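Listed next: structures, encoded as structure tokens.
Shared between the two complexes below is subunit A, which pairs with subunit B and subunit C, respectively.
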Partner chain A sequence: MGCETSKYAAVSYEEKLRLFEQVKGDERFAHYLYGCYECGVCVAVCPSARFYDFSPRWIAQALAREDADLVYKFMNEDVWDCSQCFSCDKCPRKNSPGGLITILREVAVRNGLKSAKDALEGYGRIIYKIMSTGTQVAPDMLQPAAFPDWGPHVKEISENLQWWRRALPPETLHTTETSWDVSEQTLRELYLIWHVTGVMEMIKEVDEGLHMILMDVMEEKLEEAGFDLEATEED
Partner chain B sequence: MPIDVAAMGKSSRTFHRDPQTVKSRPLRDRVLELEAEGEWIVHRVPEPYVELENKFGRVKKVPLGHTWHHKSCGQCGHIPGYSTSIFWLHRKLGLDYRDPRDQTSCTAWNYYASATSNSAAQAAVALRNFAAAYETGYFPLIHCATSYGHYKEVREELLASPQLRGEVRRIMEMMKKPMVMPEEIVHYSEWVHAARHQVAAHKVLDLSNIVATVHPACHYHKLVAEDAIYDPDIYGGQRTAVVTATLKALGAQVADYSTWFDCCGFGFRHILVQRDFTRSFAVQRKIEVMKEEANPDVTITHDTGCVTTLDQSQFAARAHQRKVGIPVLSEAQFCALAMGAHPYRVCQLHWHNTETRPLLEKMGIDHQARWREFEADVERLKRGEIEYLTWEDADA
Partner chain C sequence: MPSERVLIIGGGPAGIEAARSLADLGIPLTIIESGERLGGMPITAHYAALTPSFEDAEQAMGRMIAPLLGNPAIDVHLQSTITALRGAAGNFALTVASDGTQAEVEAGAIIVATGFQHFDPGRETQMYGYYEFDDVITLADSERLLKEHRFVRPSDGRPPERVAFIQCVGSRDRQIGNEFCSKVCCGVASKQAIEIRQQLPDSKVFIFYIDMRMYGYWENQIYWPAQEKYKVNFIRGIVAEVLKKGDRLVIRGEDTTLGRPMEIVVDVLVLSVGMEPSKGTREIAKLLGLPQNKYGFIETQGAPLATVVTAVPGIFAAGSCTGPADLEDCVSMGAAAALKATALLRKKAPAGGG
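== the complex of A and B ==
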């Protein structure tokens, strides 16, 4: 709760500092944090602060104070409550608490923190969709079991999906597994980007099974396209 | 004590922005400077374009035609009448456009939800799409406010970091694609805003009895705020002018409400795996407040996530007797309806959740007849008489 860090007392300070140094090492860090007037504007406009025990101000201040204990606590818990709406960019000091949270999340994923794995549980199908097909929320994801709170209209859509997709005038939208028809070459280029920027390694840290499935999908197509993966590994 | 919403709109203060007083350098100048240094090619805004005013009072060029449509996953996947309406408006206004297959998602929804990516990957995805547009000669017009917001972020990061530019250049070379940055990052709602008087000239419905509220999309006006369009005549220049100016040009009534600045509750990961937050926020901070303070016939917004969240979140709230029941449309769909578009063949309102029929009736649209026509289309598809619905069918 709040700023209580005793839950993470068993984690060494060196480990917390190591992760904090990765956060500070991100090129964006210096552009997202300039200090804090403690005015609370970021909290007042934050949707997550209204519903969770969450405060963008705490996070900005902990980072500014270089409080590695507290940053570690936030990295493991609070960051996943953020809505990433960037309302907090209203900060009069020009901080971007939302941007800082993006960096904290990235470090959590890159280091395979259990909290990141927990936060992303049930999310693997989304990652699979976007990384393997190039579009994220495809029509065939509208299934009643996935969106029970959206009511019976989801069932109606899923039952009529193939016909309703054909009843769309734009030619690129006659798809059910992707949001639009993405060309094969375009997909190969996307796969190349995931491989050479280290994103595949990030996926491996949080979900090894998903990593294997994605590699199966991508490797053959990349080789067919003449991209030499070993030669293109990130330096 | 309730908020006096009427008083909010009565302020006599009007903000005229003087670009000479802004301390930061214009983004366009910095983009062009890097072109002069040989770092990238700047894809110029094609003529004819409209010069609008951005938040800092600087000129932003918005192209009218010859545009490459950077589609949105959420629009095309779950609310396809949104994208279809944008295309339909172009066709009706006689404007040239491309609907490419050589386009990926910006992948920012996933990035903001899961952080399973990084700056280099995100920038490479953006520049791959920009290069694909450049190769066709058509200028990118971005349908999703999150893509628009994220690409603005990517542009800032690239402007600030020679190292990131180097990483992305290496990837672009592997793909044998040029490094290209558009002269302006343009959201489709800016295009609608620029074309609003043409749209209004083609309208076939009287909308003077329609009351609408507006939800401005966070990633449009909060994320890299400079690019957003402002106008002293709209809200005294204190809020973005897009959407609202369009509704006014169409002759609809725009009603205000106190939580206009609040986000919709989308949350990126929340809408997919933690919807209790999304539903609560959308209903309690947006829909119920609109209902209480403005009781609109419709709420109009200009982004994928906002339409989805505000529309879909109302179903479960009904079970709790919450004050909901406001249909949610994009302004592209509303403009198309105003110009006589078919509510189901073009605007595809059957993909929306909250009841739209009372709104259609009030707009003077015979939704029963139009639905029968759409059902007949589907029967023709099932019988194999047609393979797909065409643009000609949509206007038949």
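== the complex of A and C ==
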């Protein structure tokens, strides 16, 4: 578990308690934590536990102990070592340490914790891609300069990427700017979902610049379609 | 001529079930009970609810005793003890002392069901300050408070905010000499923790344990609800020190599964004391010549496939006088002892013969 470092802010116990109450107040919490045997099966099957000083059991126990100090520490450090693979759902009590980590991460992001910003810093480009286009990493991101370790064939593929993509059977994959074609209708629906479910506020908490760029893209598309974003946010 | 009567020593759950079984089989019987009433430890120690059924102990034991009262084939001697034994299987003669008078009772077989006593936490070790701090109590003390629906700090009568249980007090301990597990304390402590949370919903309850031993259905009948529904905090680690802090107690131990020392403040500390042979068990074993094990419990023969046979022909033993036992063990052994005793009587005096 290490000792406290300057990686995150020292806050009052009341503040830690406030964050813990937000975690406990999440409607999924009761289904993710019943009671812990402390048997360690979640650690035994956890890939991250093999590489980091990380234990899904500690997460479950800290929450079961209602130890706000430890929960705060884990919320800032350990939760970012989890790969969210949910192997830990093997738990004999049907706890979900991975699910608990999802909640802890969301609370960390929603409250704009510095540790969350730091952890997510490197993902800005991917988040931008997914949220603006509705699909993941695009084929045209596959440039030799970006992946020198992938060998000489990357150069050949990237030069003729359009033709390679054309060779794929589904027409929706005949694109290089996105992973697949996303229809205007789907994109509008995704933008709306992200606005009304609070995802945009979470983005704003961790990366204001990214939030601004995304808002520009989304507002234009949504206004074209006749949606008033300001009215949506007030709902 | 062989006696057709069975004598039962001890009127607790094991003795009562032996008596009920014998009565059902039509065997005349005598119960010798040293206390003022039948019912055994659940009654004399003022148990609140039985483990694991949560049934009121008075009601449950009352229902068990009811068929024995007013039955002419059942002879009950309260506040009585055995002072002498003569004869052998089929023809025992026992001296019963009661209120300064002595009487002779004949019996073909004897069932010993003299039970256990709670470990005295002041014996051997004063580690937990039972005789020093008012707010350090035992499982038995706690039962009485829960029965009265008044679970308070004995020091000032106020309801506690934080309660902790320490498991294995007087059990599984080579230092003390009780190397055995007392079998019921994990279940009883968890049951009490639930009752405390029911009576005091704002309280926090901790249980410090070495292993939680919740056999069979106790797991989902008591342990899981305690943890999941009543949010009782189970921490693996044994408290080593109790200190006074203002008018509260500080306990120190290790949270072994989180790997860190632990110090918490509590208002009431409950010691989950284990079982030892009762004074009556030790005395009767000597008087009847029944071998005892190194802990003083009556040694049975042929375990695990026999449960109630002793080294002395014609004398059977049932319940917690033979070692740690839960209520199910006690009544099962009581019924088994009744059957063994009946079989012996029939061998000694075959029906229709002489």
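The rule is short, and it goes like this: the second predicted complex is superposed on the first by the 210 of 235 C-alpha atoms of A that agree within 3 Å, B and C clash if a C-alpha of one lies under 4 Å from a C-alpha of the other, contacts with A are read in each partner's own complex, and residues count from 1 in each chain.
By our rule, a contact is a pair of C-beta atoms (placed from the backbone, for glycine too) under 8 Å apart; a residue touches a chain by one contact, two chains touch by 3 or more.
Note that the coordinates shown come from a computational prediction; the quantities given were computed from them, not determined experimentally.
Q: Clash or fit: what happens to subunit B and subunit C when subunit A is overlaid?
A: Verdict on subunit A: subunit B and subunit C fit.
Q: Taking the superposition on A as described, I'd like to know which of subunit B and subunit C A:97 touches: first, second, both or neither.
A: neither
Q: So, does A:34 touch the first partner subunit B, the second partner subunit C, both, or neither?
A: A:34 contacts subunit C only, not subunit B.
Q: Check the residue A:174 against both partner chains and state whether it touches subunit B (first), subunit C (second), both, or neither.
A: first
Q: After lining up the shared chain so the two structures overlap, which partner does A:56 touch, if you call subunit B first and subunit C second: first, second, both or neither?
A: So A:56 meets neither subunit B nor subunit C here.
Q: Which partner does A:65 reach: the first (subunit B), the second (subunit C), both, or neither?
A: So A:65 only meets subunit C here.
Q: Subunit B or subunit C: which reaches more residues on subunit A?
A: Looking at subunit A, the partner in contact with more of its residues is B.
Q: With both structures superposed on the shared chain, find the angle between the C-alpha centres of subunit B and subunit C as seen from the C-alpha centre of subunit A, to the nearest 10 degrees.
A: That angle rounds to 90 degrees.
Q: Scan A:109 for contacts with subunit B and subunit C and give back first, second, both or neither.
A: The first partner, subunit B, only.
Q: Just to confirm the value: shortest Cα separation between subunit B and subunit C in the superposed three-chain model, in whole Å.
A: So the smallest C-alpha to C-alpha spacing between these two chains is 13 Å.
Q: What residues of subunit C sit close enough to touch subunit A in their complex?
A: For this pair, the touching residues of subunit C are 224, 227-228, 233-236, 255, 257-259.
Q: Under the touch definition given earlier, write down the residues of subunit A that touch subunit B in their complex.
A: Those residues of subunit A that touch subunit B are 26-28, 31, 45, 47-48, 50-52, 80, 83-87, 89-90, 102, 105-106, 108-110, 116, 119-123, 126-127, 130-131, 134-139, 141-142, 147, 149-151, 153, 157, 160, 163-174, 178-183, 185-187, 189-190, 192-194, 196-199, 202-203, 206, 227, 232.
Q: Under the definition above, what is the set of subunit A residues touching subunit C in their complex?
A: Its residues touching subunit C are 1, 34-36, 38, 57-58, 61-62, 64-66, 70, 93.
Q: Subunit A touches which residues of subunit B in the complex?
A: Interface residues on subunit B, with respect to subunit A: 71-78, 80, 83-84, 87-88, 99-105, 107, 109-121, 124-125, 128, 132, 149, 156-157, 160-161, 163-164, 167, 170-171, 174-175, 177, 218-219, 222-223, 225, 261-263, 265-270, 272-273, 275, 277, 279-281, 285, 312, 315-316, 345-346, 348, 350-351, 353, 374, 377-378, 381-382, 387-391, 393-394.
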